[in-house]
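Have a look at this one before I ask anything.
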């Protein structure tokens, strides 16, 4: 699965994208966030305030309980401030 | 007093302005409308549907019961359709 | 808006009102408000155009009450400036003969905040529709001089929305 | 709006969405919608500008999610076209470095009716603020790279107004 990071999530993780092979136990967005946050301090800091993290699956907004089956690209970012 | 007419009020009366000397008995807008409507068929037709006629006294919107004391210019016209 | 403080006249946004037969230039009017204030975050414009009414209409003829037209729109614009935190408010209304596709009226509202700019522009248009002394007569393509356009009840309802 | 009929896709207004680093021209965008339809009576534009924040700000840097930004704004614009009787709807959002006074976002809504044009433009802006994947970082005049701009609760409330 392709992962993409934006704004301060990207800065804290230190890269804007990566490709990962997910263990079979990771079935929802929340699972994926837990799995990533356990990786190192950068990820932990990016996802420390889990509530605030917004998610898009294949470029559409999704909730943290959304399933990952069939998803090619998941993106994580802070609340948007465009406009 | 200077009187001014606009749109179909002007067309029915046949002129866009005139100066009148009002009898002392004419003290409100409604009195003035009655007095004008009694003049001839044109005025009668202009002011037939009295309810719909809008009034401005010295270039500010006014109601039909407004007093005429001190007024220099009174204008009569249909509901506005600008914008 | 729930702003309870009444700003002093000196704090109020500059109001520009013009009644003219000449056309106007939306971009130039926006630019003028922007140049005057580097802290504007939002500019809303409304342009009212002459519709072709399904191809029937040759032109509209706009009659107005000189003097009162400018005074009344200025009164409405000042009220908008008291009600919303604006940085500038411009209203231009044309008179005379206007053909389909032509400009009739322009409102430009500038503010730090987008809600204020939207609401002030809509308020000004709603009141202008029902209170500014202009009247439209239709000239049709078949050569007849059509009717005076009737005022619409929906315009009165739109204006009544703003009564607090 | 209390319109209960759902227009078929073919009846819906043309939607134009662009994500670009280049500046845009409000007058040209208005002109494009006008030319396409001679029965437009009302055009509302919203321009969002970079404020100077009391002189502190050197520039904003706008990051976006390419692909999703265009897709999401298009989804919001299509929803606006289903909800209001529009004749055209354009949204342009810039990315990259933007200095105070510069343009950030433009919405143009055209309709037969002014209420529809106002409401659609405001709806599109409210949803764009909370759903379009853009993020602003401040660069300050004192040379420091400032913070990422925080999302505002008032923007979420503004968007929530439109939930029927």
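Here the chain labels run A, B, C and D in written order, and each chain numbers its own residues starting at 1.
The definition used in the following text is that a contact is a pair of C-beta atoms (placed from the backbone, for glycine too) under 8 Å apart; a residue touches a chain by one contact, two chains touch by 3 or more.
Here the structure is a predicted model, which means the values were calculated and not measured.
Q: Fewest touch steps from chain A to chain B?
A: Minimum number of steps from chain A to chain B: 3.
Q: In angstrom, rounded to a whole number, how far apart do the mean CA points of chain C and chain D lie?
A: Those two chain centres are 22 Å apart.
Q: If you average the Cα atoms of chain A and of chain C to get two centres, how far apart are those centres in Å?
A: Spacing between the chain centres: roughly 48 Å.
Q: What's the distance between the Cα centroids of chain A and chain D, rounded to whole Å?
A: Between these chains, centre-to-centre, one finds 26 Å.
Q: Indicate the residues of chain C shared as contacts by at least two other chains.
A: 48, 114, 125
Q: Of all the residues in chain B, which ones touch at least 2 other chains?
A: Answer for chain B, listing residues that touch two or more other chains: 83.
Q: Which of the chains touch, listed as pairs?
A: Final set of chain pairs in contact is A-D, B-C, C-D.
Q: Quick check on the complex: what are the chain B residues that touch chain C?
A: 4, 6-8, 10, 56, 59-61, 75, 77-83
Q: Name, in rising order, each residue of chain C that touches chain D in their complex.
A: Spelled out, the residues of chain C in touch with chain D are 25-27, 30, 34, 38-49, 51-54, 100-101, 112, 114-115, 117-118, 121-122, 125, 158.
Q: Which residues of chain C touch chain B in the complex?
A: 48, 62-65, 67-69, 71-72, 93, 104-105, 125, 128-137, 148-151, 155
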